[in-house]
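The structure appears below as structure tokens.
Chain IDs A, B and C follow the sequence of writing; residue 1 opens each chain.
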Amino acid sequence: MIENRPFLNILAHLTLILGVAAVALPVWVAFVASTHPVSSLISGTVPLLPGPDLVKNYSRMLSSGVSTMGTPPVGLMMMNSLIMALAIAIGKIAISMTSAFAIVYFRFRFRMLAFWCIFITMMLPVEVRIVPTFKVVADLGMLNSYAGLSIPLIASATATFLFRQVFLTIPDELTEAARIDGAGPMKFFRDILLPLSRTNMAALFVILFIYGWNQYLWPLLITTDSSYYTIVAGIKRMADSVDGVPQWNLVMATAILAMLPPVLVVIFMQRLFVKGLVETEK
Amino acid sequence: MKRTLFNNRLLPWLLLAPQLAITFIFFLWPATQAIIQSFLRQDAFGLSTNFVGLANYRALMNSAQYMNSLQVTAVFAISVTVFSLLIALVMALAVDRMIRSARTYTTLLVWPYAVAPAVAGILWWFIFNPTIGILPYLLDMVGYNWNHLSSKRDAMTLVVVASVWKQISYNFLFFVAGLQAIPASLREAAAIDGAGPVRRFFDITFPLLSPTTFFLLVVNIVYAMFDTFAVIDATTQGGPAQATNILVYKVYFDGFIGQSMGSSSAQSVVLMAIVITLTVIQFRWIEKKVQY
Amino acid sequence: MAQINLSGVGKVYAGGSRAVGNVDIDIQDGEFIVLVGPSGCGKSTLLRMVAGLESITEGEVRIAGRVVNEVEPADRDIAMVFQNYALYPHMTVRQNLAYGLKNRGTPRAEIDRRVAEVAQILQIGDYLDRKPRALSGGQRQRVAMGRAIVREPAAFLFDEPLSNLDAKLRATMRLEIKDLQRRLGTTSIYVTHDQLEAMTLADRLVVLNGGRIEQIGTPLDVYRKPASAFVAGFIGSPAMNLLPAHAVPHLPGSAHAGLVGIRPEDLKPSDSGQIAMQVRAIEELGVSRLVHGMVGDQLLTVSLSNQYPLGETLHLAAEPGAVHLFDAESGQRIEAH
């Protein structure tokens, strides 16, 4: 800030407070709704202050769910989401690191071809090739499985490029010193590259965990067995049935639970989150 | 480029194998299938398949529904991009004036990034619920009768609001980073040259921020065109009367629910062409940036 | 301890450009050899070929009698000290020292013993458990040396190890390296572009230019009898004056040569001096002065103890033994008759 302009400062604060409030509004409304009995949500307007049923609604959803909604207990769906998010994040990091290692530290025939094959995945988001991809997964018998939920999503050009960038900044002399110290390629990878990429891995993990947790279309398509439902995809099935019997309080409790883990990750790992976000877009 | 390399023929392929296998099985093969299918047509009973050349594409171009979807996508993508960029820029400029409170405001503004688009859709669906939602209640007081189940404009507003709400955090973070990258000395020099805050923004800050803005422009268009599938599916499902049926949603709907493979594949190919174009634009820009 | 022999060693890159050509050097057991030359002369490439970090495209490198052309760096029984030290940033000093031994399957107790020994020799015992980031430049330098010593290799290879240090520290470390090498008696090859470092460290110097050897010899030999005009200009500071023979027609032997070289300290003022120099500039060094002036249209530098006014004409003479003659075409030394 260059000159002191109290008016501008007040304006800036007002703008930000307004922004923060607008951003928080839908979540607050959802939270309030999730603490009321269903009776207060059938007609009139949603109340603005929390009601008495917080514990009741949440414990009900987590442990048993609502049978008429066609979804299993939220606890199970959250576990499925966690497994999927972890598998996607760890899987992407693992195969991207080995790919980047191969591309940066080896010269071999068709290296550029391999590079372009990986690059092209960036241009083929699942939404545009959804029907044939679904068919492949179905033919492989991967519907209704954790493998089907995660493996088709773990190819990653972005992560590969990120690690390529990281590896390129590691001085050649370190590789040479390691070679003289008797480290072969895999030993070098494990002893030098892995520990030196730790913060990049952590930052990327935060982004990829959120990405994995928030998957929607893919789990919606390939899970028909409710015991494999993830929470983000499951909540939609719940909302669909709401049209018949509106139990908004329970749907909103589920929505809050669905956003809680990734939001907490962002808030408590803000630095890694920002680093990961900026790096993956380079 | 590395000076020191390892000599090994087999190892690099082993290292690449998982990534390449997934790429071939789940990306390249399905994409090829989509391209092939877009030139074929099945008869009504699924008994025979014929090569029909560009007929599927011609049918798309003559389809009023598809043209409507293109138009809806354009309106939706432009609205989401413009509003989320504008709001994020205002917030970033305000935070850039803060010293002690910058971090707190940032935390309070960025967390929606972590909310799934589908959940964002549900939240706004609830807020805008015509019978019990808060906003229709408030709108009613100023005489506006909100109903996104029947009004095309209300439905579009709903999906735009939900999509913008989720995207502000992302744009905000990049604008803050872009603002911090502008040397304070430049704005100080402009201040000494007698430029007030508004002038400084238009003469110094905004031009220097243009690489960030351009980058975000592309990213936001991609976001609005592809990542908002879940917002649409969780709220309007393309309705009412096709008013929010954006291209990605139509591909899905025609392919899975309408079971019209030829048309859905042709739509997939068109979408691929759009993503490839946007990616190329983005990468050419990055190349240029590197040359600075 | 080992001899290292390079015979007909050359390097041609895949693109066809040549970095090094036809190098023959026989390094004795325990000898300290310094490869010196301007940047791009091929000295680092040559060292890296000995280390095994660069492929050898021509000739043979032998370490302790064994041809190592196709041997992995780790199996050549050498250790290398890098310009930027190349310490593993995520490992402690102790882990840095132990890493090479561990990879070779050295027993734990033996590693501990050797690390302790090296720590004592180099006085780095106090920061064995620190990471390289927490060390000063000089300390990092010692750890890099320690990593080489701990391996007890047949040869040390140094790639400009002092160039990242400030001038004062460089002088101290120079002495330490020399002292250490003498105590350990390990054959060493040391690359530098700094002729002072080369002179002070080497048992023998190898002066390289354009990928070829200009001269091999003890520092004094090279200083006293530079084999070419290039060596004459490169070794010694301030640099030797190199004048076309016609500019100094009266000097002995100048009639047979194209270029005449005289070191600044070998010129003395003398009334009978046949070189007339007009003083243009004086640089005060404290212990002496560098007087720069013109002889005809040629620049000449003389190291003198007295002060002279600018513009004055000095008459200078040189001992016959101090005049070096070089061929105009090849630049090779011509022995005076």
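Basically, a residue touches a chain if its C-beta (ideal position, glycine included) is under 8 Å from a C-beta of that chain, and two chains touch if they have at least 3 such contacts.
Worth saying up front: this structure is predicted, and the values here are computed from it rather than measured.
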Distance in touch steps, counted as few as possible, from chain B out to chain C = 2
Report the chain closest to the protein's overall CA mean, measuring from each chain's own CA mean.
-> A
If you tally C-beta pairs in contact for every chain pair, which pair wins? Let me know.
-> A-B
Approximate Å spacing (C-alpha centroids) for the pair chain B, chain C | 61
Let me have the rounded angstrom distance from the C-alpha centre of chain A over to the C-alpha centre of chain B, please.
-> 16
Could you grab the centroid distance between chain A and chain C? Build each centroid from C-alpha atoms only and quote it in angstrom.
-> 57
Could you check chain C for residues that touch two or more other chains and list them?
-> 53
Using the touch rule from the top of the page, what residues of chain A touch 2 or more other chains?
-> 176, 179
Residues of chain B touching at least two other chains | 4
Chain C-facing residues of chain A, complex = 171, 173-174, 176-183, 187, 191-192, 195-196, 198
Please name which positions on chain C make contact with chain A in the complex.
-> 51-53, 72-75, 78-80, 82-90, 99-100, 103-104, 147
Touching chain A in the complex, chain B uses residues 2-6, 8-9, 11-13, 15-16, 18-20, 22-31, 33-34, 37, 87, 90-91, 93-95, 97-99, 101, 105-120, 122-127, 129, 131-134, 137, 165, 168-170, 173-174, 177, 187-188, 191, 197, 200, 215, 219, 226, 229-230, 233-234, 248, 251-252, 255-256, 261, 264-265, 268, 271-272, 275-276, 279, 286
Chain B partner contacts - residues on chain A that touch it in the complex = 1-3, 5, 8-9, 11-13, 15-16, 19-20, 22-27, 29-30, 33, 41-46, 48, 94-96, 98-99, 101-108, 111, 114, 117-118, 120-125, 127-137, 140, 151-152, 154-156, 160, 168, 172, 175-176, 179, 184-186, 188, 210, 213-214, 216-217, 220-221, 232-233, 235-236, 239, 248, 251-252, 255, 258-259, 262-263, 265-267, 270, 273-274, 277-278, 281-282
